[in-house]
Amino acid sequence: MSIVDTAKQAAQGLMQGAMEKLVPLAPDSWIPGGVPDPLIARKHGLIGTPVSRLDGPLKVKGGARFAAEYRFDDMVYAALVYATIPRGRIVAIDQAAAEAATGVVLVMTHRNAPRMNTPAVFGSSPTAVGPADLPILQDDRIHWNGQPIACVLAETQEQADHAASLIAVTYDEEPSTTSLAGAKANGMEQGLFMGQPLLNEIGDAEAALASAPHRIDHVYRTPRHNHNPIEPHAATLAWVDGGLVIHDASQMVTQQAQTIGEVFDLTPDQVRLTSPYVGGGFGSKGLWDHQVIGAAAAQLAGRPVRITLSREGVYRVVGGRTLTEQRVGIGATADGRFQALIHSGLSVMTPHNSMPEPFILGTRAAYAAPNIALKVEIARMNMLANTFMRAPGEAVGTFALECAVDELAVQIGIDPVDLRILNEPDKDPTSGLPFSSRHIVEAWRRGAERFGWSDRPATPASRRDGEWLVGMGCATGTYPYYRMPGAEARITLTRDGDAVRATVEVAAAEMGMGTSTTTAIVAAERLGLPLDRVEVAYGDSAIPGAIMAGGSQQTAAIGAAVIAAHNALVAELLKLAGNDSGLAGLSPDDVGSVDGGLSKRDDPVRRESYASILSRARRDSVTVTAAGSPPLELMHWSMHSHSALFCEVRVNAVTGETRVTRMLGSFDCGRILNPRTATSQFRGGIIMGLGMALMEETQFDERSGRIMNPSLAEYHLPVHMDVPEIDVIWTDIADPHTPMGAHGIGEIGITGVAAAVANAIYNATGKRVRNLPITLDRLL
Amino acid sequence: MTPFSYARANDAAEALQLGRDAAAAYLGGGTNLVDLMRETVARPDRLVDVSGLPADIAETEDGGLLIGAAVRNTALAEHHAVRTRYPMLSRAIVAGASAQIRNMATVGGNLLQRTRCTYFYDTDGSRCNKRAPGSGCDAREGFNRIHAILGASDACVATHPSDMCVALAALDATVHLEGSGGARRLPFADLHRLPGDRPDIDTVLEPGELVTAVELPPLRLAATSTYRKVRDRASYAFALISVAAALELDGDRIADVRIAFGGVAHKPWRATRAEEALRGGPATDQAVHAAAALEFADARPLRDNAFKPALAARTLAAVLGGLARGEAA
Amino acid sequence: MSLIINGIAVPAPVDPRVSLLDHLRETLHLTGTKKGCNQGACGACTVLADGERILSCLALAVQYDGRSITTIEGLAQDDALHPLQAAFIEHDGFQCGYCTPGQICSAIGMAAEARRGVPSHVTTDLTADVTLSRAEVQERMSGNLCRCGAYNGIVEAIRSTVAAEVAA
């Protein structure tokens, strides 16, 4: 980051700060969500009914086409060469053997790559999604060990891979910082997240901690993680008539098209990026160097290109979650009321990106305490730019916080569930805002009963079954409700005989969350049409608006955009209906969509079907596009999802191996739209949390800055055998202030899981492990 | 992958003929070799496909088993005689890799698989004496959780990754070889080398020499045997420690015992010191821990694997205890 | 000689470096078989070779000359889904769908192995007939990673179809 960028970020932060002062004071009715979405009151429709994925048949037949499965005529294959030093300059590249190798079409390095703009780094503008503020293949500089430095195009992948292996590079290595100790020694800075400091100070937390009757004060550490979607990052792309067509794997199609377009000085309509299916993303399926390199090479060679990262390549080019070192201090009264809550520490970034791991976000609204001190500092290291990974901040932050709460419960001798409920806040403890919807206590009580929490061994290390020590633990998970601006929806109603079909287009991404199915459900319900009359189009930058499958906000963003488009559609239909309709004279606010037409809300007899309106107006179809309202509700209420997690583990007394044998997630996430896909979302998050708890670590060699386990064999993800049946329940209480009453649920699942597991391990063994992952050697 | 030619051998003679060039390699199931070639760790200019060679499992005259080198891992694990008479071998095989890999991998190839040291695999970015002799060893001071604690050298701390081989070491198997100099037989324990100053050489095979079969001797106590693997997830991971053991009791004393460890050395580690210490002695936890202490007396743990001697001892005690109680045989 | 892919004979590649996986995807345009790691570590590329599940990424196509390969595209009969494919939808045994073809092919191969009596790491009695308990299915399917975490649904789909047939 340059100083200018940092200043710009800070200025944006100030602007946002001003809004945050005004919006809370506005009356509810001025705020989006101030009047509840009418769909919340509708109890017997599709919403809340389990619906199988609409793209299921295609996926089980292998018919869903992913990025690396598109073809262009005359297409060539790309292979990358990666730097092997953490910092320095390229002195020489010997590429003669590669160029002479069979099938080679092009060897591209910084010396012959087309001149390109540096991609705008994530957060520097609403559509900027570049990985770092670094030029790609434009100079001889090396910024991280693994940086792509050459690209080979050949007629086949085998030829390209082989030729890439023949390229020999000589470096002039320069001093670098690749160890945590070295990064700390270089000095720390205040962390900024979305332009605002990761810093909260209320009262004097240190003094309150020092004088509290009960005190917990420990440091917790979490390592680097990689997303590891099973689909490696890939793009199949071509230059067509001066424009760029990219079939990509993206969770931010519009923004990615825009950012890559700017790299090549293209106008937005000159870039078409499609991404109908994404083989998992978890935060990683965005713009990285490979799409830019692929497009540049295609331009230089005059041939379409398929660039698929090898699995090692994914680790070299696509950043993961960075490490954290977190101190949690809790001071409590004799009966367990928090007097001080301190959560501070560091996360590591590169000199060129803007994504600290914001591990205090979940703590801000977690517990009532009169004295609070929260702070994230940044140390810089020469490494691949880290990025968002499922619940950035909360996933690792809840590990530290919720282990500390458990440690406090042990010290006081109180049930950890009771301790959490005792410290439940009645308003947001740091912003002072009212909660929009918070039913975490109900989630705790229902979860505890269903799990059989009362059967928990009261004394650690007291229950044994053969070789296995058995214990139970719990933790709370949390993730904010977000809704980002920029979403639009385009609705087209088309006459089809006596009925209509609707097409709903949103520039959203489907990585398996069930978005396309849920969008169809919600749109059908909102339009008053059967599900099979609604088609959802998505994953295409040609669709208006910009929607990100990130921050668990996509469903809300789509929901608000569809509300806006539906309002526009109603207005348009009323105009078309004219004076001969039973609807004549009504304003859009008076009517709703029911049974394939519009009817007066308080007098449903006054209605006309869509087909009739279109037919009388001699129209085959009507199309409207509208943008969702600005998300001011985020500044008016404190909006969060919550979970109560319960876990039973068995720890082998001989080997230290841990097996999670039971797991229950009790969620408070507003209204659940599609229980079938929601269950999978929750479970998927929990399973990633189990991996984080027990096995996942990106091995970063501090001597070289090189990732040493760039492989699914050596980076351990949970396999079938690691995963018990996971029970999932939810309160299903609608948030009155969100579209459909729903909250996003993509990230809440992973939060708190590592703490629940660690706490269960403590209960089983009496051993408290504060560093992840909790491998068997830490329990021997 | 470096270009190569491919030829299929129909019998051992043809394989030897095709494989006599120094840069040729025999291809079994490909589950390790193809991966190594893709990473350019291995760069043969010719592959001689020996996966179609005899894949029989036959009874020998003395009551043992002769296992063709092309027998697939799954076929060996499911063979009735193996399941009943050598259960540790069945269990070792199904503890290794995934079912898909076991369906592809051959017995011969399993013997010759190479280490999973990540520095060995990192062709471009790391120093490794096994891959590039004389370049150095980045594992010694690096990530070495899965690395050796016994028999390592300054040049190399890699481990042999096979599970099956740990059982074969414990079972006193014999390896049948054919080469330009004719056929020979090798005690299994002599097949794999310790790294010394030539870690690039994993086995004592001559260039072009072909594994044709593995022979199991009749071994009564093998019927009371098992294999236990300790790893970083519940399945599908390489061993941190594994134990293959067979036990025969005479009352409460150990009449005979076979022990081998995986995950501790450059080769499957036959624990002869521990066996000697236990043979004829009491079958107690204490005796087992004492024997393990003897076996690991020379252990030289590294940064990330100091837990291994204790883990090995505890696992061994649990395994022998289980066998003594008649469990999991 | 040639490879038989879903019943149709196709020539083996000229370049022996081409894996069965790349041959399927890039030459034959059968992209239902997925490339997840190309390291033999994720199972996404699982296909059936003469009914046995293998990893097509570690298989050189030339080595499978003369063998009969079934991919995900070869499972459905005309328009009717294989019962296991239908069960994957019913039990939501996937999210992104990328590991799904490999999971399905693997499960079909697994059922055949179990019928034959092949033991697994969690089999207590090595000599008894195999019953595909939950744990047996989990262990036998552990070579197929799913990062979305659809494991519960996958196991349910398998146990309600191909695994149930083994027990019967």
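Per-chain numbering from 1; labels A, B and C assigned in written order.
Following the convention adopted for this analysis, a residue touches a chain if its C-beta (ideal position, glycine included) is under 8 Å from a C-beta of that chain, and two chains touch if they have at least 3 such contacts.
To keep track of the chains, here are their UniProt names: A = Xanthine dehydrogenase family protein molybdopterin-binding subunit; B = Xanthine dehydrogenase family protein subunit M; C = 2Fe-2S iron-sulfur cluster-binding protein.
Note that the structure is a prediction, hence the values are computed from the model and not measured.
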Legend entry - Most central chain, judged by mean C-alpha position against the global CA mean: A
Inset, instruction - Find the two chains joined by the most C-beta pairs in contact, please. - result: A-C
Inset, instruction - Between chain A and chain C, tell me the centre distance in angstrom, where each centre is the average of that chain's C-alpha atoms. - result: 30
Inset, instruction - For chain A and chain B, let me know how many angstrom lie between their CA-based centres, rounded off. - result: 43
Legend entry - chain B-chain C separation of Cα centroids, rounded to whole Å: 27
Legend entry - Per-residue multi-chain contacts in chain B, two or more chains: 1, 3, 38, 234-236
Inset, instruction - Mark out which residues of chain C touch at least two other chains, giving numbers and ranges. - result: 15, 17, 38-40, 138-139, 142-144
Inset, instruction - For chain A, write out the residues touching at least two other chains, lowest number first. - result: 158, 162, 711, 713, 718-721
Legend entry - Residues of chain C that touch chain A when the two form their complex: 15, 17-18, 22, 25-26, 29-42, 44, 71-73, 75-76, 81, 85-86, 88-90, 92, 94-101, 104, 122, 134-135, 137-139, 141-155
Inset, instruction - Provide the residue numbers of chain B that touch chain A in the complex, in ascending order. - result: 1-3, 38, 40, 116, 118-119, 121-126, 138, 141-143, 230, 232-238, 240-241, 307, 310-311, 314-315, 317-318
Legend entry - Complex interface listing, chain C residues touching chain B: 15-17, 19, 38-40, 43, 46, 52-55, 58-60, 62-63, 106, 109-110, 113, 116-121, 123-124, 126-127, 138-140, 142-144
Legend entry - Residues of chain A touching chain C in the complex: 52-53, 55-66, 68-69, 71, 156-158, 162, 227-232, 277-280, 282, 308, 310-311, 511-514, 676-677, 679-681, 683-688, 711-713, 717-721, 723, 725-726
Inset, instruction - Show which residues of chain A lie in contact with chain B when the two form their complex. - result: 82, 84, 102, 145-146, 158, 161-162, 165, 467, 654-657, 659, 694-695, 699, 701, 703-704, 706, 708-709, 711, 713-714, 716, 718-722, 775-777, 780
